[in-house]
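What follows is subunit A paired twice: with subunit B in the first complex and subunit C in the second.
Showing the complex of A and B:
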């Protein structure tokens, strides 16, 4: 029995409690609140000086192939776990009033949170995969039942089919990888995979196509260009807590998976690095311009979250660019995952609050709200600056490391492809600044248009989760060592 | 301990007793027959754990055509569980039956008694089929099943759809039997044996006609596959499925979809198994894989457009046959890490639970809301949160979401197919699964997103509730802990 068991099963217990009649909102808030404390306790119990998985517990379930319910965390999964519990807590607290099927609403949210937490804590690949899919159907229901917009039905299908197909491709890739590592019996135990990959290695040809399968599978889940079409409309339509959890946490699952499995497939990355570079530039530049063109706040945020995935892929692409080099790009990618998850959750949470109070999110028809709701606009500003990569926030420390990673080993002379990509990606920072600052100006500064309903200020119980998110961003922004020390060098 | 064939005898006797009772005890409520059948089958199900095969030195003739192995016992249990649930469904479906039987006011149950005891004979046939290891006894068992289905499919005699289904099933069933028997006679002609184990032994002998005339052997196997293709609803022998499923009374559709398919796969596996390790294996596997790929693709893509829930499940049943055939096609691969019998049993076990839940809900909705169209499911979450909940689990399991039996079955099939390197079929299966998510979630959408036209609620009896909850529990437990079934078949 590990503390991680508790963290995984508490939301599921909450689901059961709500199903049997406990008050939905209170239960969800309480469960995620306790989970946040448990997550911090796990951080406290975690010994950063050790390698490998800690706080482990394992229960064998299936003999062939070996599948066990096994949990454990290393530095990477600890960071993701912290991200999950923080965002889950804030999503429940910031959930707007629900008019129909309130039980179902919070059950779905808790299932999404449980899925993300379970996936990050599992050291068994079967459960890693299965927990992630736990969130699929609740997301479908959330968008379908409580989503907004005329085409929410089409949007819900789109995200569900995209993610289902991505998952099944991913499953094929994982099973193929497992078949390559079957020396000593089939197993889904991640540590056994690591060991076998380190000892026996995998044939390069197999590495190539397995990496490609995983890149497509995970890539669809992370909205890698050109598989990104599901993301922005889904986040724009979904109720804000779902967008917070999905864009903030769940989408990181694909990146987490790639960061986990790429070290086993170094030659696979080598083979497809150029392709990855092209695709990630698609995310940063193409989606960057698409984001600038958005007129609605919610679809702008959705597009921006797709765009920012490009930087994390850049961190991945720089992995092992210098054999045995400092994986600074990798560390940066992890920090950026955390920073982006927190900042986008804050943005979506505030956007949801705004939507509740004003009739439109069209940015041209808003304006001058800064004077009316100063705290709200201050928080929104912080999140927007963090998202645009202003120093002092976690996103900045991540992005800077990713860019350093891209230039690793450069000793003058002509630039390599990765370095060109890094130079181009740097322009993404400008693009982010353009749309984030413009959004801020349009909504909060300037003249207030006639007839605009003025939103009320954030209540105290709403400020608390926002403050938590801001603090997380600032702490990691000013002291990234807290997390970077957790990651293996 | 008692010999295993006592069970079939017990089921047949139970059926005969109920038949006599139906004829002579006029006053009795006809639902009593179904209830007695359920209790009787439950007793038989329990006694399944106390049966034995031939004792040492017992060479009674029956043991040469009657197998008692894990596979036989598993599928006997499978047949019993299916029949019990079909009987429970038929209780919920009574009002529809009464409507189409045109019973007069004085005898409201007239003509329905048969509907409650005939499934027992089908069950006996299915149980026998699970044990049959001789081509003659296979054929006889198959006919027992098919003939009782002819009656049951066309049972609602004042419903044109049911009659149409009956005629279609009769003609195509007879045709497929013809193909099947023709294949069996060729097999007998080539080997000179009717016992499957002796046929397998003869394969090892280079003088055997089966080895000398591989084309003739392949022809015979192809004919057998055609015959079985009808039973398991594989492309291109699936044409009858949507119409017959739609027209037949819903409990019988469920029975066809689960019982008949499982029996087809048991028989297929028993007949084909020796040939997978043989000189004809490459062609045989190619044939099975081609059928499998076509079945997965057609079943899933055709289901997308369906607006009638029953037809949707008919196509879904076709698509699952494709996945099971893919598992069967992996039989010849020596590198397979798990044995095919175990995976097929696991897949079919999960399929039983999720399909029967879906059809059970359909029975209740049909009886109380009067329709089988997806539009009748609009707002089901308001009418009955319980029904919507269990149907949700069944649908996501059919679609293959993790932590359900449907996922674990598919995962094992993928595992074996990847190990055997059947990449093309895997690509088709990915397309199929993607399409599956769409049409299974269409049902979920109707239940949860859309509003009902009125606020009529749906009543559920305690018996049905227990039955459905048991199946839902089975779906979830198998989805996390399939080990018992896999261990049953582990070497």
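Showing the complex of A and C:
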């Protein structure tokens, strides 16, 4: 029995409790609250100086192929676990009033949380995959049932098809990888895969196409350009806690997977690095400009989330496993996953609250709200600046490491493709500032347009989760070593 | 102890922002207490010549680390004194100027945040830390320019300032990364060791890297072509303009160049820096002659003087640049606070043509403003005289064309200042605000008097040496430089006085210059073209092309799956989702067990 078991199954217990009549919202809040404390306890129990998985527990289920319910965390999964429990807690607290099927609503949210946590804590690849699927299904449901807008079922279909395809491609990649590592019997134990890849190696050509399959499969889940079309409409349409959980946490599953499996396919990354660079620039620059052109707050946030994935991919692209060297870009990518997850959750949470209070989210028709709702405005400002990569927030510490990672190995002379990509990605930082400051200015600052319904201030109990998110951003922003020390050398 | 310089203002900012914000007066005194304490510490460090360099790791990846580390040397100690002296005086002045402001607590919280950020730039021992605080001064500047956020102009100006600086920082970061690659470090003291080899090995790329670095200074110190934000930044409260947009933050670019002076001496690219400075100095001085807003005139004057400093730095003499930065901080802060007093007395009237006759109404302001003006136009025996002479000398020795430009600027400066001075203080009051103007209260007079004293004595060796030690330049000035300096002063001042004495409106209106050569308008067009238009185009492509292709591709990938579902006519999403989950598990089982 590991503390991780508790963290995974507590939300599922909550689901059962709600199903048997416990008050939905209260149960969800309580369960995720306890989960948050347990997550912090896991951090406390975790020994950062050790390599490999810790706090492990394993129960074999099937001997051949070897499938076990096995949990354990290393630094990477610990950071993702912390992200999950923080955002899950805040999503439950910030959930707006639910008019119909309240039980189902919170059951779905708890399932998403449990699935994400389970995926990040599993050391068995079967469960790693299955937990993610567990979280995806309620995501689709929530958009279809509680989503906004006339076209919500079309949007729900779109995200379903995209992510289903992504999952299938990714599954194919994993199966192919297993086929390459089958020496010694079929197993789903991650460490066994790692071991075999290190000992036997995988043929270069196989590495290439397996990596590509995984990149596309996982990439679709993370809205890698050009497979991103599902993201912005889905986030704009989804209920805000769903957007918080998906954009903040669940989407990171794809990146987490890539960071997990790429070390088994170092030459695969080499082969496809140039392609990856092109695609990630699509995220950063192309989507950056698309974001600038957005007029609605929610679709702007959705696009910005797609754009920011590009930086994490840049961290991945700069990872030089073959040559060794310090994992600068990798560290940056992980920090950025955390920072982006927290800040986008805060933005979507606030956006959801704002939507309840004003008739439109069209930014040109808003303005001057800062006077009436100073706390709201203050929090949104913090999140916007965090998202635009201001130092002091976790996002910046990740971005700056990604940029240094991009220039790793440069010794003068002309720039390599990766370094050019880094330069262009730096321009993306300007773009982020443009749309974030523009949104902030158009909604909260300046003169208030006539006839605008003035929203009410954020309630006290809503400030708690926001404050928690801000503190998480600031702690890691001010002292990122807390996290960078957890990551392997 | 040096850590206290960072900790005190940060704590003050947090306490005032989070706890005492609603109590403006208490916040003001917390903020003032912190800046006063840092002033004491800075002075102590200068006297003791502290040179400790504590550091801790901020982030690490294997052997690669980014540090938060302090560097204490003559340069940073001296700059700390400038920042804390001006900071303290501006805090005191703000007690009066912002007394009735309803968001006083927020104002002082932002001032403390600024002091924290500025201190970080000054004390940083490496580029990563400098960049962090570089961005943070940007955000405190954003917050303070936009202090009156319910009005449109200040918030637009704030946004413009932040974004323009971001463009500069884009280059800055590229420069940092390139130099990191070439010298193997971003810690200043370690870069110095690798710089010569890097410059020898990668001459051209090294120059490009230094110019990229310089982009940061172009943004922060508002050099052309990124100068447009500074005049607009005058929308902020006037004490802020004095502290941030005249004396300290905008000088950070020059400070940064001084910090890496060892790089500038290694490359011809420094010529570009000198030229950018000179052109900015000339351009801004020309524009200043046609402005009507008292703060705008001073803002263009600041641009022009910053151009001087950048030019000197580019010509390889960063000590001269720093010396002028130091005297300029005193007299320009004085002029801005004086302008603040005038604006306060005239009920927020800023048009000089609506003023007039203030000499009699506001004697202390008049006198101190006169001293500030004298120092700016380099009247002998004021601080500005010594530093401007050094600037002219550097130009004279470095590049004769630049010397001519510098001399023209030296002529324009007394011209536009005499115009301002004559129109504001002499003649009759031209509006009822000017007629009713009264001298400001003591809390605002005190900083004016202290700064006036500093504007006179700062240039003398015994004061400057105290602050900057042996970094203070002293050289024999050839007579041609001296003659140029005095001649341009006399000519400019006289012309300005004769032309504008007793006038009630502009005598030589030149729209082209008053409209700043229409550069702002040009930029707006460029932004529309390269940002908004590209944005719309991208959005269109995204909706109509990328989405279609990717969606179709995706759809055809699942054609089999899709048709299967269509065949079993699953109409609703829940059922599909359920089937999908089951299906996935089935697929895994089949593939694995088969």
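Throughout what follows, the second predicted complex is superposed on the first by the 487 of 489 C-alpha atoms of A that agree within 3 Å, B and C clash if a C-alpha of one lies under 4 Å from a C-alpha of the other, contacts with A are read in each partner's own complex, and residues count from 1 in each chain.
Just so we're on the same page, a residue touches a chain if its C-beta (ideal position, glycine included) is under 8 Å from a C-beta of that chain, and two chains touch if they have at least 3 such contacts.
All figures in this text were calculated on a predicted structure; none of them were measured in a lab.
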*So which one touches more of the residues on subunit A, subunit B or subunit C?*
C
*Is A:406 in contact with subunit B, with subunit C, with both, or with neither (first, second, both, neither)?*
second
*asked:* After the superposition on A, what does A:392 contact: first (subunit B), second (subunit C), both or neither?
replied: second
*Could you look at A:134 and tell me whether it touches subunit B, subunit C, both or neither (first, second, both, neither)?*
both
*Should A:417 be classified as contacting the first partner (subunit B), the second (subunit C), both, or neither?*
neither
*Taking the superposition as given, does A:371 touch the first partner, subunit B, the second, subunit C, both, or neither?*
second
*So, does A:50 touch the first partner subunit B, the second partner subunit C, both, or neither?*
neither
*For A:59, is the partner it touches subunit B (first), subunit C (second), both, or none of the two (neither)?*
neither
*Considering only touches as defined above, state whether A:160 meets subunit B (first), subunit C (second), both or neither.*
both
*Touching A:144 in the superposition: subunit B (first), subunit C (second), both, neither?*
both
*Once the complexes are superposed, what residues of subunit A are shared between the subunit B interface and the subunit C interface?*
65, 126, 129-130, 133-134, 137, 140-141, 144-145, 153, 156-157, 160-161, 164-165, 168-169, 171, 175, 186
_subunit A-touching residues of subunit C, taken from the complex the two chains share_ = 57-64, 66, 128, 131-133, 135-136, 139, 146, 149-152, 155-156, 159, 162-163, 166-167, 169-170, 173-174, 177-178, 180-182, 198, 201-202, 205-206, 531-532, 534-539, 541-542, 546-547, 549-551, 554-555, 557-558, 561-562, 573-574, 576-578, 580-581, 584-585, 587-588, 591-593
*Using the touch rule from the top, collect the residues of subunit A that touch subunit C in their complex.*
65, 126, 129-130, 133-134, 137, 140-141, 144-145, 153, 156-158, 160-162, 164-165, 167-169, 171, 175, 186, 220, 225-229, 286-287, 289-294, 325-328, 330-332, 335, 368, 370-371, 385, 390-392, 396-397, 400-401, 403-404, 406-414, 419, 422-423, 426-427, 429-430, 433-434, 437-438, 441, 444-448, 479-481, 484-485, 487, 489
_Residues of subunit A that touch subunit B when the two form their complex_ = 61-65, 101, 104, 126, 129-131, 133-134, 136-137, 140-141, 144-145, 153, 156-157, 160-161, 164-165, 168-169, 171-172, 175-176, 179, 182, 186
*subunit A-touching residues of subunit B, taken from the complex the two chains share*: 337-338, 381, 392, 396, 399-403, 407, 411, 414-415, 418-419, 426, 430, 433-434, 437-438, 441, 444-445, 448-449, 480-483, 486-487, 490
